[in-house]
């Protein structure tokens, strides 16, 4: 797949070779970060400007894009409160906003609460646009960093048993992970309450492409089979009442005791922020990779910025 | 005129020679931008810091200043929500804010909803201050980029027929354009509803200085004479009621059909954001320059920053 | 004392030698700033990234940290509205926020309205954290720049008579100044209304360590003895009613007339913003150092950033 000059709007754009190529580039970026931290600044994106347009706040994602750009020697202009920008209040279309901002900058990373919004802006933009989250729809760099974390640990993806736990119905994260992992031969274990099961459409597609899929409600009975334990948050808003929320939220909590049943060589990933779904006594377990994921997010975004800007 | 170390508060500061000098510098800046986009970063303003102080949001203007500073190798510190800064809430005077911020930075770009506010801050500041809009009063870099866009296209200003269309009474933009264009021999055509006519004071001044001025209500009857069609938005707030607004807003809409009557060699400019006053079917017309204006805004601000900081 | 890799949370961390070492480094930083302003950018912190996390707005303090980082060739990522960040709204702990942000950046400067909040974040952080104010508790770089301003003027601290005027009970600033000055032999004169006297605990500690302490209500009777006149704001919120506030606020106003009684060689400092407590007719008096303090704040933060990052 070709990266140069492309908008990155969805995990569906990526094919197997593109993913491996991106992961290999991300791996090389770790040295660029190490060098920067030691005072040797990369000049790969020198002269380039990234605009971050955030229509809803997400410090972690914005900081990750901005760190990535800075580590490569590029520069950043930023608005993390775009909903209050005068253009938007004056009813400027997203097409116009994209056209205008792209006259100034070389690449745009955008987040917005509405499905399809980033694509609208990208249609007007003369510069490549990276979707940093469009509501419940897509957030491709999150999926990419999740799968990169797995690939980096195991040196491969095919043949792994990957468990996804929590809200698999509404969660943008597990859907994106499936989009990317389906290019490799995976055994999926989906652990969710009945009301929050992985959509049948996704399960069907995975099965059709010869993946093994196991769907269960009992986390403890399957954790021992998983190479990857991909946790997600169960949001209170999804439930009819607080009692029902507490019932399920209480069930899918990963703690030290449950980690005792997990494989020695497995890893735990989570998109963060976590609240109660991973107990803090797991943090020091060397299998916990959710903080390392933040580092992986920087290098995957560095790889993407460099490739989309045609510099690698 | 001397730029070095000057506050840039008003279009009234500029004389004919100063304008041409600035435009010629801006033209050279286009190569600096091209070089940066190819990875060759300018060092003209290396070491310098621009503070952007925005007391009301304007992403486009702020991004333009910040892009300009970055393209020249300078750095930026930014606050786009100054109304909520603790100093302002603690009733610090703008004089003090100017004095304080200028102890840290080399130049300041400021926007504020109140007339005269930027001048107040500039009085306290030890660093040059550029007015990025003080309410309905002044926004000199907007006027400069408008006139630069015309100069760049025609290679001259004298002898042109320039039409201004829309709200000519309250619009800061057409007033600034007149301030700058009056140094050249221009034929002005002002197209506005009676309630929104160009103020008599400005018309009088232009006539006194031997400019030809035509004032009409009917856009279609004069568009064919214009070298420049300078559109502005008619704001709903200006009218007694919605019906009256719609009556006028509906009249001054530039669309493909109307463009059929315009000169082959004319250009359309607009300060953006546009809402309904320019139909999207005009966007692909090569005479539409309102997106190119955004690029011109960056180079005119680069020229101004470099000149005020004494580097060119 | 060792700076490298340390969190800087409190003025209580500093000892006499550490302070002098820091002040000497800050003095050298003045040349780095001069060089930058002339276009010669330092590379001392090239490659490093500072994150500024402000949970309450403080433009002056944030700008000072960001200017300091930029003057040293480092880069900045910034959030000045952290209270609205999605992680915080999703109830992420400060420990997690610290862990996450420190995976991306090399150093963090944080401000928060709650006592102890910065320490909580620092506990999770893998990168050094500098407290840029945690509510009424600590704001060490403010105290450091105050005392640096005195040291720079007099070339020493021991033997000076230092007056503190205003709200000495609740004011974070005078408490921090005492924390730092207590390492040197100082004569303290505390001028405050009865209701806002310096806490007995601090007075006791100073007396125990053989400092001379004078406590008075009448400013005019003692100003002539002071080498340093350290003014602070009396906040209206501290009083039962507006009348009582006005009574005291009116008393501790430093104006040209009162400056007539002050020593020729004294200096006036103030943390800014000032409202009515220093009359603007004092601004041009060469003894007024409250704007120069802003410059001193930049170099003291440069020294701290460079030392904590192990680069000097």
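Going by the order they are written in, the chains are A, B and C; count residues from 1 in each one.
Please note the rule applied: a residue touches a chain if its C-beta (ideal position, glycine included) is under 8 Å from a C-beta of that chain, and two chains touch if they have at least 3 such contacts.
Bear in mind the structure is a predicted one, so any value in this text is a computation, not a measurement.
A.B. asks: Expressed in ° and rounded to a multiple of 5, what is the rotation angle of the C-alpha superposition of chain B on chain C?
C.D. replies: It works out to 120 degrees.
A.B. asks: Could you check if the interface between copies chain A and chain C is built from the same residues on both sides, meaning over half shared, or from different ones?
C.D. replies: different
A.B. asks: Compute the distance, rounded to whole Å, between the mean C-alpha positions of chain A and chain C.
C.D. replies: Computed value for the inter-centroid distance: 40 Å.
A.B. asks: Of all the residues in chain B, which ones touch at least 2 other chains?
C.D. replies: 78, 81
A.B. asks: State the interface residues of chain C toward chain A in the complex, per the touch definition above.
C.D. replies: Answer in residue numbers: 43, 45-49, 51, 53, 75, 77-79, 81-82, 84-87, 90-92, 95-96, 99-101, 103-106, 311.
A.B. asks: Inside the complex, what are the residues of chain A that reach chain C?
C.D. replies: 35-41, 56-60, 62-64, 66-67, 70-71, 76, 78, 80-81, 233, 272-275, 280, 291-292, 294-295, 298
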